Amino acid sequence: MKNRKSKYEIFREKIKIILYGTNTILGRMFDLVLLGLILLSVLLIMMETVEGINQKYHQQLIICEWIITVFFTIEYILRIISIQKPVKYVFSFYGIIDLLAVLPMYLSIFFPGASVLSVVRALRFFRLFKILHIPQISHQSAQLRDAIEASKEKILVFIYFVLISTVIIGTIMYLVEGKESGFTSIPMGIYWTIVTLTTVGYGDISPQSPLGQFIAALVMILGYGIIAVPTGIVTAEFAKSSLRSSSVNIKKTCKKCQSQVHFDNAKYCCECGTQLQIN
Amino acid sequence: MKNRKSKYEIFREKIKIILYGTNTILGRMFDLVLLGLILLSVLLIMMETVEGINQKYHQQLIICEWIITVFFTIEYILRIISIQKPVKYVFSFYGIIDLLAVLPMYLSIFFPGASVLSVVRALRFFRLFKILHIPQISHQSAQLRDAIEASKEKILVFIYFVLISTVIIGTIMYLVEGKESGFTSIPMGIYWTIVTLTTVGYGDISPQSPLGQFIAALVMILGYGIIAVPTGIVTAEFAKSSLRSSSVNIKKTCKKCQSQVHFDNAKYCCECGTQLQIN
Amino acid sequence: MKNRKSKYEIFREKIKIILYGTNTILGRMFDLVLLGLILLSVLLIMMETVEGINQKYHQQLIICEWIITVFFTIEYILRIISIQKPVKYVFSFYGIIDLLAVLPMYLSIFFPGASVLSVVRALRFFRLFKILHIPQISHQSAQLRDAIEASKEKILVFIYFVLISTVIIGTIMYLVEGKESGFTSIPMGIYWTIVTLTTVGYGDISPQSPLGQFIAALVMILGYGIIAVPTGIVTAEFAKSSLRSSSVNIKKTCKKCQSQVHFDNAKYCCECGTQLQIN
Amino acid sequence: MKNRKSKYEIFREKIKIILYGTNTILGRMFDLVLLGLILLSVLLIMMETVEGINQKYHQQLIICEWIITVFFTIEYILRIISIQKPVKYVFSFYGIIDLLAVLPMYLSIFFPGASVLSVVRALRFFRLFKILHIPQISHQSAQLRDAIEASKEKILVFIYFVLISTVIIGTIMYLVEGKESGFTSIPMGIYWTIVTLTTVGYGDISPQSPLGQFIAALVMILGYGIIAVPTGIVTAEFAKSSLRSSSVNIKKTCKKCQSQVHFDNAKYCCECGTQLQIN
């Protein structure tokens, strides 16, 4: 009995290395196959919504999707079984995504059309960075995250102000242009304002009256200046973080503590107080 | 008599704390209720302009708006009564907004349709920052304001040049394209130029002749380079203000040589080698 | 005879002070009147091209334009008469603009419709900075000009590469999409590529086939990254010039030569070599 | 025999100097003629696709193109003959481009219409920089390339995240809007999302339902913040590289203390007060 359990333990260990590990050849290969299947499955769901393709290959698409879904289900179950703390995994970001990736297909048995939601599988692509495990890239994405994180607050304050302006401008355009030009309501006016301020400019609604076009021109010039603000915020953060890592000059090395980071003009090591030699 | 007046005084004091204060639980709650009502009221006005919703719920919308307007009116009167210097409040930015927030509803009795102007209530949202009173956010918005303030002049000079170019380009397009393509007049040509230079690009008017399209392509490439300018201005200001506050920390002063510029984590003065005291 | 010439000299002197000077009240007032007339005249020309306005007020518009043109002509002649080196003025930037501002009206006697070209008067607005003579603004516009000047070469190299890509992408889209989608020729394809890469996006031509839309999506994402380049170039220049002017710390003043600009850690004045006192 | 071979050698030498060299007058002139012919030939191919021009001048266009093609073919052969390592040239970037520049015309004998592919000749323009040989410009383009190179990885990581979001948003819009609004499939929804996030905004597909427009507004505001990211990345790189080369000038070295960091215009060493020698 003990022996059998031990076999199960060994099996669990192996599965865990394959599913979670990225150091063994098998673990790596599994990860690549997984990524390939995610990509394939997302493409399949997309194709299913394209009329022409769906009419021709409906049967084949459904079969392929079910095969992948069953594979993902088995993978999900094995992940729960093989890990030490299954509850932690189930409620982690990846755990929830892994569940959401298989649920829609099973729901589609009862609610046809739910299978489209399987597209949420695309979120499993985030795993790529875990898999690739390239320190440089994870450093890059950390830097990206930090800069976005640091500028988040400022951008939120900025968007708050933009949204208030949006309500005012949208109402003015609704009053000036009226229903004939497509400004059928204030929310429509706000929609137009956002489309214009962000310089997207669909042209599905556009001012027709001279006064409306004059105001629109003012809004555009305003948007012109305004688009600079989030860019400025993010750029300043990037510049700060990248300058921080580069402006420090490694010119002088302290003989005692080997600390290399000093001001250009430092005469004493700021770590241990030893006099620095000019080289 | 004296007693009664004192009661009134106490009542005024209480009202003031609730309306203007943000430290008591009641004052905070009032502020949150106020913000909620502003949001609700702006949403109601918006809905009133949506055909479908207005036809169904016209009665209910009007009633809700009147209730909120009466509430805002009482609030406005109480604000005047409770404050020491009512005149100063009435003519302050918030005082004017608070008045403008209630006026349109009363005007709508005589001029139906004026109620739409109540949307100006959206400006009352600016109070949020006063209410939240989070030093970090008010610091962020101060930094935002400073950077925009500092770059205002340069951007105005820039827009002045852009507007002159706009007149010239608009006239050229009017002459080249003519009335069939929608360039019915010079102002229309200028409108098109602004739509194009800001990269909004509605497409309601677009050049049809080969020469017009060639000039349009030149204008776009020009706009491409030009959009960089306000961004550059604002970003440089942000970078300046954020670098200023971060790059060099004047936290530690050397007791011996009074040098103030040190790394965050410096332990010894880099000018004279004296040990720094952690403060 | 001598006396008469002297009178003429005095008259010339006076005219010169009024026309070119900005220090006397009369000179200042003249400049403001001039700017007002330029603005009025540009607006008049614009209005003339607006069908509705032109039909109603054609007579009045023409009369006003002629009055302003005659005024500008007299001004131009007086400018030539009063200045010492008339030839230099005539062939200077402002001299040419001043001539071009009046010519179209006289040409319109022989070629009706030439009056529209009077819009070139808008270029006279550049004089504003000369008139205002505010050192701060002329400093700002100088900084603007310097940053644009400094980034000009890099932007030209960049645009050269973009144009070559534009030819290639335009041809691919012409081959993929064909005439039904509006891609009637390679130049049309290039026009579409420029409209898309600059994110203007009129929508007058847009890809219809799945393959065309796929390539378009790639082009947009490319344009996404590419728009960052001129912005990055200009911003870096701005940041450089604004940091240069701000990073220099005016903390120490040399007792001997009163030079105020020193490095933070300077011990000797870099202008005269005197030892600086730590304050 | 030996004499004849020597003549051939001299001929080869001469051809090489003309084709590859840029120092002799003949070599320079050849390069300019070449650039002119490339420009002419690209323009001819473009014109051929313009209906009106092609119908009128088809014969002439074809003849001109053939003449240029024959010229390019001879040039290609001479380049192979004259160079020491012909294999290396044939498989180099320029060698492949030079071959691709002539192939389509010969293919067009068998496959009419293949001549359009000759547009690949546009890539020969890259040679301009080799020809101009202006150190300043090649420095500029090197700086451009470096900054783009340095930011490539971060931008790729960023685009990876954007593409995943694109799939999710595209699916949501497909579900919300449905086929009537043009969102006929998920790939179409993704196409719309890319058009919107990049602020191109054709307007060929745009949301019609209130919910769809609400989500679209959110996507635009998201895109607003997002467009700042690649700009921030590239700008930070530019700023870094341009600040590095400009901020501190190591032009003058103090003879006494060997301090190298001085202002451009410093006359005395700010470390020891010694007069600096102008070099």
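When the chains are written out, they are named A, B, C and D in that same order, and each has its own residue count from 1.
What we mean here is this: contacts are C-beta pairs under 8 Å (C-beta built on N, C-alpha and C of every residue); 3 or more make two chains touch, one makes a residue touch a chain.
Because the structure is a prediction, the values reported are computed rather than measured.
Of all residue numbers used where subunit C meets subunit D, under half belong to both copies. The two sides are thus made of different residues. Relative to subunit D, the chain whose mean Cα position lies farthest away is B. Subunit B and subunit D have Cα centroids lying 41 Å from one another.
Computed centre separation for the pair subunit B/subunit C is 29 angstrom, with centres defined by C-alpha atoms. In subunit D, the residues touching two or more other chains are 187, 190, 199-203, 210, 227, 231, 233, 235, 237, 239, 243, 261, 271. Those residues of subunit A whose C-beta lies close enough to touch subunit C in the complex are 199-203, 231, 235, 239, 265.
Residues of subunit C that touch subunit B in their complex: 42, 45-46, 49-51, 116-117, 119-120, 122-123, 125-126, 128, 136-137, 140-141, 143-144, 147-148, 155, 159, 162, 187-188, 190-191, 194-195, 198-204, 227, 230-231, 233-235, 237-239, 241-243, 246, 264-265, 278. Against subunit C, in their complex, subunit B makes its touches with residues 153-154, 157-158, 160, 164, 167-168, 171, 174-175, 184-187, 190, 196, 199-203, 206, 210, 213-214, 216-217, 220-221, 223-225, 227-229, 231-233, 235-237, 239-240, 243-244, 258-259, 261, 271.
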